[in-house]
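A, B, C and D are the chain letters, set down in written order, and residue numbers restart from 1 in every chain.
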Amino acid sequence: MKPEYSPTELLIVLAARLFEDNTSAFIGTGIPMLAASLARKLYTPNLVPIFEFGGVGSQLRHLPRAVGEARTFDRAVWAAGICDIMETAQRGLVEYGFLGAAQIDPYGNLNTTVIGSYDRPKVRLPGSGGGNDVGSLCWRTVILMKHEVKRFVERVDFLTTVGYYRGGDTRYTEAGLPRGSGPFRVVTNLAVLGFDDETKRMKLLALNPGVTVDEVVKNTGFELLIPDEVGENPPPTEEELRVLREEIDPEGFYLTTTEGRILDIVTCTATDSQPLTVAVHRNRRGEIVAVLACDRADTPAACQALCPNL
Amino acid sequence: MKPEYSPTELLIVLAARLFEDNTSAFIGTGIPMLAASLARKLYTPNLVPIFEFGGVGSQLRHLPRAVGEARTFDRAVWAAGICDIMETAQRGLVEYGFLGAAQIDPYGNLNTTVIGSYDRPKVRLPGSGGGNDVGSLCWRTVILMKHEVKRFVERVDFLTTVGYYRGGDTRYTEAGLPRGSGPFRVVTNLAVLGFDDETKRMKLLALNPGVTVDEVVKNTGFELLIPDEVGENPPPTEEELRVLREEIDPEGFYLTTTEGRILDIVTCTATDSQPLTVAVHRNRRGEIVAVLACDRADTPAACQALCPNL
Amino acid sequence: MQHELFGSPDVEAFRQWLRENKSFELKEKLMSEQEAISRFVHDGDYIGFELYATVRCPMSLVRELVRQGKRNLGVLGQGLQEVDFLLAAGLVNRMDLTYVGYEVYGLSPILRRVVEQGRVKTAEWSNGAIAWRLKAAAMGVPFIPVRSMLGSDMLKTNGAHVMKDPYTGTQVVLLPAIVLDVGFIHVHRADPYGNAQIDGISGFAVELARASKRLIISAEEIVDPEEIRRYPERTVIPYFLVDAVVHAPFGSHPGEMAYLYDRDEPHLRMYMEMIRTEEGTQQYLEEYVYGPKTHEEYIEKVGGWGRMKVLSKLGVKR
Amino acid sequence: MQHELFGSPDVEAFRQWLRENKSFELKEKLMSEQEAISRFVHDGDYIGFELYATVRCPMSLVRELVRQGKRNLGVLGQGLQEVDFLLAAGLVNRMDLTYVGYEVYGLSPILRRVVEQGRVKTAEWSNGAIAWRLKAAAMGVPFIPVRSMLGSDMLKTNGAHVMKDPYTGTQVVLLPAIVLDVGFIHVHRADPYGNAQIDGISGFAVELARASKRLIISAEEIVDPEEIRRYPERTVIPYFLVDAVVHAPFGSHPGEMAYLYDRDEPHLRMYMEMIRTEEGTQQYLEEYVYGPKTHEEYIEKVGGWGRMKVLSKLGVKR
């Protein structure tokens, strides 16, 4: 019996399987955080997560929700600043980087700035953020994308992060980026893709469960290299899904496949007739499933005792 | 009755009188350390000493013997690193710098590298150290020199630290150093000198006690500007000398005008027949004048009790 | 696309300015948000914040800045609430932009509206580039070479130069230094003179503090100067860089403060919901920014000190 | 005068080297001075020490280096004993020099003899320049612009380029990055993986650690990794930069260690007396460097742990 999983869970699992142990990886918000957490639990226990604003080697006991928050340096070996981190990458010490984008071209060039023209954009996107630095300075960048024709385009509207530039060696010889660095994999909801060694054009490597080559081609807005042998990505295992849902994101902050434990802060009138402020978890139906803390007692049980109706 | 003082003490006192309160000053080993300490005690209590390897705002409770030691950041507001300090100066936040040199020319250019040719030096000097940085980046550099013909030369053998370069505005327009920065005073055993506003050639400002203009001219190896009015530097006051000798360098580390308290470490056989290692102060005649600490007791008195013969 | 630099790379002028305006005097600089903003921020200033809106961000200062309605501001960098408030209030006319968005919550509807309507001039940089531009100013040099941004279209929007280095022929972008008129930083503790300490990551506080002509810091706690002098290696910002010290406990709310309190997730969810529309955005500003006149009134408005106490029980601890 | 760069500014090659030789594995790296030097230092290497001989200097490593007689070394920077020992032992053939001398004790007779006899090739830099060259390598860029050294004759000896910046026309020296084959740093404490903390000033430890292909640290104290993880902002050198961790209590002797022990003034006076002559210098090396085979034997030779305890009572305390 195959386990059920969401497209997000599939992406996380495929990404988690790409790491090599005892290396470092730039971790951005969202899927990379879950993938790194999963990889550390199941495959690469010594993977060192690096967060751009300074956290290095967090033990990831709690899933971060932002790249600068305390969870990114919780029990870390080093809490630095952004320059020191970016320079560590510039020196060549960060192996992996993860990037998302609104558009990607055949050479892995990315756009996260605008759709349309820069001066009169149809859609203003968030901008480079650390993306360009990650894509420029890490050895291997892994790009996470929704596989759609409007996203896999012949030419990006704005080149935010250089991939293999105009193909071949031009990333190094023309753009001037560090030798040997560049896009490694593109992981989508349909497939895992790579790049041709010579031309550096994108090529299909392995199909996601139940996806056909035709489907991938149809959803790609440029000519994709299709090798004779195309692999198949094994679906998420029960183990992968269990760890992901129960150990990594039990709160359902990123995953929608769990009951959810959504933080809320409420006020009740306590047994002493004074107001009590209480942090609780609600499930997706809005029901309170746990009391976490309150302002006038030290333990959840004591909080509960003060407001038994919670 | 005039107090007696050594040439070193005169230099220290003249230098100490130059500071402005609530400013910062780069402090190098030796005379600048004593001058800054004296200035803080008598004239500019809010002078902030800056030491090149990182100490900022030390309270100078103990006279430093080296520019990186703990005394340079004893109860300091900031213990940084050399880059941060040098960049603070590069940003324009360090007002004063003190420099010594083996040679100086009429424009305040300094040599601390070699006497003779660089490739075949007659004398190899210590090198720039932080000197060039101080002279390049501080607003006002004060140069401390022995006033001798062989030191005040038409042309330095090696230009280690640029003063007013070739005179006029050339420090800024040709060398490219920060506008408005440059040598401020030259303090010697004979006089205090400055620089002409236009030509930036060295000029006599004030004579030290008992020194004549002729004497200064005779000991200067280039033509010195002598203004119509030449001032006189008041000799060190009793107060200045007392503070210097009793409060700043009672150990006689730099000053030779005190009894001296020279640190020694000796071993004796204690009353318990075991060896005891003891730190003591000796005077200049070699007599032990104080017991400071030992390895097997907590107080000087307890150390003394273990080795009563000390 | 344009090539004008919004912020100044003129480190020579910066030197002169610092000499004339900064003092090494150990004087107390404690003041309210109101006083700090009205004394040290002016219409037309080019400003920057550290770190960002859900992490150690001087939000009590940002709200006061919006309240006082300083106009024609230039803004550096990435942002969430701290930049979006200013954009939504129409106070910004130029921006060196690296990222405006809400991470897991997605794009910023405010940035989209403002930029798509052409209401602000922008130039594009990476996060690293922004921090390095501050670093160049902090070093007192007019530019800094980096290997980021090479080949990207961002260079067409921001006017940065590219060169081959004379030693090895390596290609580098010469990022221009950027001197801020005013910088804003929130810290864990500071003494009344402004000597400041930060726990956990330092973000780009070191660089921004040194790259600012005027520097306003807010602090969770005001400590005795003796505490600073006891551990001088923990000073991240020395006092002589600082013009104003504002005591702002929970000053990063609705963001977090490492080891002290967690971010206010329910408040952020509500905020994200409200800013979907222009009307909702203005309503949020009315209720939470213009409405409360002080940081204390803001804290009351968002749930009071009891809620703050609860948040302080939720975050990561040492 | 010459223009050849002794140390490499090739940050592209440095990238490749680091990728192939450094690991993020958390493995214990504790070893003796003997093992660290013999495994990681080779004849012909270009090396550098931090801080300097009377202040937090890895003297137990320096003595072992002399004992093992690694030859044809290039040396970066300023120095007192740590450089003079190598010069006196004839192990150095090139040197980027900023300062060799003994501060209050005056010139270095050893440097004078060696240079005046033409036994070592030199290039001149300022203290700032040396630290900034390491900083450039630490940043992973081939040069760093600075406003020091402009107009000086040092530029004729060291081959650094000068340019006007393209933004403001400000003149700058482009200091070439310098990548060290081996760096040596003494710290207050480190865990067995190499995560290291320093109390008080950091000198140029941050830059030198990051600019080194191989990095050997010695530490006064070896601590539990949990201690590191509790205060991650105090990590000055993260473990993945480190190749060897040597436990060396009083490793800075005869120098000081901030807050732990004072320098050994009587020993330094004796040393200065002895090095006045070539014979005295060799005698000092015989007695105090070649003679003791380990750091422990050295401590015995200079007065034993009792003397160390006395020194620990003399220095500045928090």
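The rule is simple: a residue touches a chain if its C-beta (ideal position, glycine included) is under 8 Å from a C-beta of that chain, and two chains touch if they have at least 3 such contacts.
This one's a predicted model, so the numbers in the text were calculated from it and none came from an experiment.
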More contacts between chains, A-C or A-D: A-C
Gap in Å, rounded to a whole number, between the CA centres of chain C and chain B: 41
Whole-Å separation of chain centres (CA-atom averages), chain B against chain D: 26
Chain C, residues touching no fewer than two other chains: 11-12, 139-141, 146-147, 170, 172, 200-202, 230, 232-233
Set of chain B residues in contact with two or more other chains: 55, 73, 79-80, 90, 137, 178
Touch-based graph of the chains, sorted into line, ring, star, complete or other: other
Those chain pairs that satisfy the touch definition: A-C, A-D, B-C, B-D, C-D
Of chain A, residues touching chain D in the complex: 22-24, 46-48, 55-57, 59, 73, 75-80, 87-93, 95, 137, 139, 178-180
Interfacial residue positions of chain B with respect to chain D in the complex: 29-30, 51-55, 62, 65-74, 79-83, 86, 90, 113, 118-133, 136-137, 158-162, 165, 171, 174-178, 253-254, 263-265, 267, 275-279, 292-296
Complex contacts: residues of chain C adjacent to chain A: 1, 51-52, 54-56, 78, 97-101, 103-104, 107-108, 111-112, 115-116, 118, 124-129, 131-132, 135, 146-154, 156-157, 162, 164, 170-172, 200-207, 256, 258-259, 263-266, 303-307, 309-311, 313-316
In the complex with chain B, residue positions of chain C that touch it: 11-12, 14-16, 18-19, 22-26, 138-141, 193, 195, 210, 225, 228-230, 232-233, 235, 238-240
Chain C-facing residues of chain D, complex: 5, 9-12, 139-147, 161, 165-168, 170, 172, 174, 176-177, 198-202, 230-233, 318
